[in-house]
Each structure stands twice: as C-alpha cells, then as structure tokens.
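When the chains are written out, they are named A, B, C, D, E and F in that same order, and each has its own residue count from 1.
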C-alpha cells in the first residue's frame, strides 16, 4: 500500500439541545435508578460542541484538500440544522429509539458526516463531542 | 459616609438545564414569530455558568470575609440544586409564569442569593449568567 | 431621578484582521523605535474578540429589552462586516488616519454601535476588545 | 471636575506558586478547623492568573496611554519575578505575616503595581486574581 | 481477531498541588543547575487538569459502557483524593522516590486508574495531564 | 522490535501573523472565486496557536526526556521568531511560493521542528495549529 502524505483537519460546530437518558423499554423507576438525574422527567440540556476531523492529501495549488467553508457548510447541514434547538429524544429521526448519550450521538453524527462527505476526496477520521467542559466522547468509525 | 476597604470575590457555579422562550398568554404562532427557534416545541438546553460576586471587608485574621467553601455551599443549595438537570419553565417555582431568558434568570438568582446570604457580613454585588460562549447577562440588583 | 431596574447583557463578535501600529507623520525609523515589532512592514494580525454590553429594562412579556438575535445582527453589520478579513489600517473608513491600537478600535466600535442602536430602547454600556488572550481594552463612552 | 475620555486596558500575567492558608497565631488544630484542606501541612499550589486594569487618556499620536510592552515589563518585575515558582507564605516579603488568600494577594499586588506605575500618566483601576477556574478576587483600591 | 465497535470517552479531574523537581541523590547546587526555578526550595504549585480516556463497546440498552458518574467516582478516589491540596513530593506514597514531573505523574495516574478500573468492561486508553495552559503529558501505557 | 515505554509531551507556542490565501499563478478574479474573503487584497491575520508533541522514554533521574524549557527555546527559535508579527506570504523563506493555509503551515513547522530537534533523544510526533477557535490542522509527518 502506498503511503500518503496525510494532513488532518478539524472543525468545530456547536448546538444547544435538550435531552434525557431514558430507555422506553423500562419503567420510570428503573430509568431513574440507572440514569439518576440524567433521566429527569422534564428534560435538561447542554451546549454541545462537535469537532469533526478529516484526513486527506493537500492539493499544492490550493493548500488544502477541502475548503474549511465547504466543511462548515456540510457540518451546518448535517449537524447544526438537525440538532440545534432540538430535543434529541423527540426531534431527530436518526436517533429515534436510541439513548441520546454523548457516545451514541458521536456514532450518529459519524454516519451523518459520512453521508455528507460522500464523493469528496478525503476521509472522515474522528467525531468528538463535548457535552460539558468535563466530558467528551470520540468515535473513529466501527466494524 | 465611611469609606470601606472593599474586596470583591467571585465564584462560579454551573448547571445544565432545558428551557424555551415562551409566553403562555400568546398563541403558538405568535411565540414562534417573536422567539424563533428559541421557542421550539420540545425544548432545548444549555450548559449555564453563573458567576456570583460579593463585596466585603477582609478580616485580617482570616484573609477573607467569607470562606469560598461557604459560598460554594450556598451556591450549591440556591443555584445548582434548584436548576441543574431541570426544566427552567416547568420545574422551578420561583420562575413560574416568567420568561426563562438569561436576563430574567439573573434576577431570579439574585433573589435566591440574597436569601442565601442573609445575615452574613457581606453584600451581593453582581450575578452574571453565561448562556453560551457568546452571550451573558449581568444583574446588580434593582429599584 | 427615577431609579431603573437595569439588566446588562453582553454579546460577543469575532473578526480576523491585519494591522500594524504606524504613524504616517513619522519616519519608518521612528515608527519602529516607538512601536517595535507591532510596526512590522508587511503587517501582522489577530483573531479579535469584541464584547458589546447594553443596559436596559426588561419587558416582562418578552423577558428581555433586546432580542439577542437583533443585537447579533447589529454587531454583524457594524463590526464583523466592516472588520473581518480586512486590513484595519487600509480598509476601514472610520479608522482612516488613526492608530489601529486596541484602545482606538474600542472607541471606533463604540461609535459604530451607537449608530446601530439608535432608536432602540436601551443604552450602550461598554465595548471590550480582546486582541490576544493576554490583553484587552474597554471603552464606556466619553466626554 | 473636567470629564475625561478614559479608556481602560487590561493585561494578564501568570505565576505558579505554593501556599497554604495558615494563621501562625493559632494552633494547628484550629487552623485545620478553620481553613480545612487549604491548610494542608506540606503546602499546595495554583496556576494564578492576574489581570491588571489601568485607565487613562489615549494619546492620539500613539493610540495608547501606555505601551502594552511597558505594562508587561512592569508586571513582570512587580508580579511574576516576585511570585512565580515561589512559596507565597515563605518567600514574599510584602506578604509576610499575612494570610495568602486570593483576597489578600489582590491587595498586595495592588500596592506593588502602584509603586511600579508611579510617575506614569495613568491610574491603576483594578487588580483581579484567578486562583482556579472557579474563583477570583478583585481589588479597586481602598480607603 | 474480531474488530470491535469502539467508542472512546474522556473525563476531566482537577487538583491543586505543590511540588518541585528535585533528585535527592544530587546536591542542591546540581538540582538547581538542572531544574532551574522548578527546583525552588520552598515549593511551587499548579492547578493540574487530568483527562482520562477509556475505550469500550457501547451497551445499546444503556447508551454507554461506563456511566460518567461511575468514572467520576473512580477518578475522585484514585486521583483527586490522593493529590488535591497535597505536596506531590512528600504526601503521595506511589510517587515516593520519583521525580514529580508531569511525565512521571501521568504514568503514576495510569497505574492508579488501572487499579480503579479492574474488572470493568472497558480499557484505559490514555492519561493526559495539563500542568499549565502551555504544556501537558500523555501516557498510553507501556511495555 | 523492542517495545518502548513512551511518554508524549506537548507544548504550546503562539504567534500573531498576517496572511492571505493566494495563488500567484492565477488571476485575481480566480483567486477571489476560489478563496473568497480569505484572499482579501490587503491581508488579514490571526492569533495562531501551535502545539508541538514529542515522544520519548523518560530518564528516571530527570523525570523527563527533554526539559520543557529546552523545548520552549527550540519552539521560540523555530516558530515564534520566524512567524510572530510577520506576513506569512512575504516574510518567511520556507513558505515562499506556497499557500499559507493552516495545513501547509503545519507541514512547514514540522520540518522546522525536525531541524531543531536533530540529535536529541526523542522524536517529533505531531504539529497542531489552531487558526481560530473553530479550526485546526494536524500533521504527523509524511511519506
């Protein structure tokens, strides 16, 4: 396999959303027992930050493999427009029936970004989501 | 009037909550027209940061007029326990019937802190609330 | 004078610009002597952050005295569109003939915002500009 | 009194130091009772951040009333060289016999900066010290 | 080898501690020559930030492989309770006889976390320690 | 191959510089079409942050494989002195004829740091450059 001269670029998006950790297959009691205050009945929310990292080979004429503004537009369409000022449990088709943990969200955004990047000359490397200043989840793609 | 040798101290608290801007006296259409996506039906949320500033005269034996841990405990009781992982529109008695804007929240927390500081040898100077990294509201007390 | 129940709100704008400290009335030698590397011939630049603070009385129906989105739009027109990706010495009519220090910039943005806020039911309180993470200037209006 | 067209500038300094809250007039037991873990026998420490704010009238030829580099040099001499990699209780003559709380430190740095700014055409407005990301103290001068 | 659908999660802990770089096998002169101001006699200190990263496979019922609160509790026991408001050279058994550099601290915390995570269905991936806003060390496990 | 007990350390440098995205082989019209406002005629600029990561085996006598102050000095010589308060398109020999994108800059700094680290007992692992708070590029070496 040919080695490539890869550069990795990362861009941040942000969205403010409501959610709660809740498993509809369980009783309310069991949800509260497992998820604690994260299962509060009337929702809570966060200022989420998403960092999307791509890898590719830089075109020397351009100085990049994707224009940051193009990446910004894809992230706006695939992340911010779908998640900002939404309820992650109720308003997002591709999270339906799932827990809305940071971990699951990272995987969901990975799939959205894969769609958004289809046909471009670069690869998705990582999706990182900060839920608070104290914790984040990373996903690098799976099986 | 005697001048005092005042020092001002500030401590941060944080809470994650859901809310929406909504005036129950109006129709849904009018709410959406006025408040835009901030009125989204299924809520959204934030990582709020609150900075409470007190002023007082330092006791030279102690090096302070209030122990930061005491202030931390008051802010935990008066701010975090009442607002963290809550819905600001539904779960907070002292916000009932009000808009849950950052501005109104600053005034509400001011009153909570006034209660919490009653009898202590210092004065509340300012309540600051950051809603996102882009905006905050300050309240210095009123009429 | 009637006391008012004021709330202060602050919103951030950002712009990336080139500048240098330079007094065209002086020789190049004197400019370099006075301003050091800040006078470098081929410009340098910054990610500037501007925090604009307004004060006003909250309308209880709305929960604010100005919608953050309206303030955002005014700041976009009066600050970002005029300064972002510009050369502060060459491209900005209202800085022509002035030093482009953070201090002078704060006063210039104050005047721009005064124009932008004309007729609104609130007052400009402060313009703060961060030039780097180590220094900023504040202007509260003048004479 | 003539009104002045004041601008306020702020610059940050940083230092890493050890300290503990301790009153030598008291027994060890009483110190621990009052100050808790802040009185730990073998010291603890912080990355302190100091923000010094000056006010003055801008010289239109220069665009400032004090060069940020001059302020940087004064803060280096008066703050960093005296406090960085030091033990605040043992190594700093102007803190001798005092509690090394953030509050007391703010007043001490105020006096140091007053000395450092003597004869300059501007006034010290505020000294702010962050001890951790959760708390800071402000001093605006006293009696 | 079966590929796994891994997610990586990271949580932050903080502690304020005193230390100095010092090799007891050397003279004071040699210590100062090698370590400079980091060897100051009366200690100095930092606000340390530790980011612990785990990897594992998400349980779809839960939305995670470890509850952030459980990780928080382990980090409190294994990191904060052992290091906060302590002297790293004098008070920490598992650092005895070692340099208390950020690098060595990262390895020590790695071992503590390995103990704390024993029996859990996930693996420690990285320990990162910020000593100041300018430098950090990472450890991914060793030989 | 022998496994090593590697630790990774990272240090930050900062510089303020002007640049624009511009390909001298193209017309002005084509440059503006491709690069948009990033090609503005009179330059713009940024507060760049560079994080350099090295890997090596810790000397147990020292607690590190390179003193942070030595790394600081190399980064000052190889990064800050060459880029701070400069025009990246005009003033930097090793960027001559190249686009001054964050991506290309990361590769250029990689080569500079490789030179600066020659003969030391550690390896360069990554160069990361933040251009704004919203985007950065990483380079891990190439072909």
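Here is the rule we go by: a contact is a pair of C-beta atoms (placed from the backbone, for glycine too) under 8 Å apart; a residue touches a chain by one contact, two chains touch by 3 or more.
On a predicted model such as this, the values are computed, not experimentally measured, just so you know.
Here the chain-to-chain distance from chain A to chain F, counted in touching steps, is 1. Shared contact partners of chain A and chain D, listed by label: B, E. Distance from the centre of chain B peaks at F, each centre being the average of the chain's Cα atoms. The interface in D-E, B-C or A-B that matches A-F, meaning over half of the contact pairs are the same by residue number, belongs to B-C.
The mean-CA centres of chain A and chain C are about 34 angstrom from one another, to the nearest whole unit.
For the pair chain C and chain F, the distance between mean C-alpha positions equals 30 Å. One simple way to say how far apart two chains are is to compare their mean CA positions; for chain B and chain D this gives 28 Å. Across the assembly, chain A contributes residues 133 that each touch 2 or more other chains.
Working note: touching chain pairs come out as A-B, A-E, A-F, B-C, B-D, C-D, C-F, D-E, E-F. Looking at the complex, you find that chain D touches chain E at residues 14, 16-19, 37-38, 40, 42-47, 84-87, 90-91, 132-133. Chain contact summary for the complex, chain C toward chain B: residues 3-12, 53, 58, 60-65, 68-69. Across the complex, chain F meets chain A through its residues 21, 23, 25, 34, 36, 98-104, 106-107, 133-140, 142-143.
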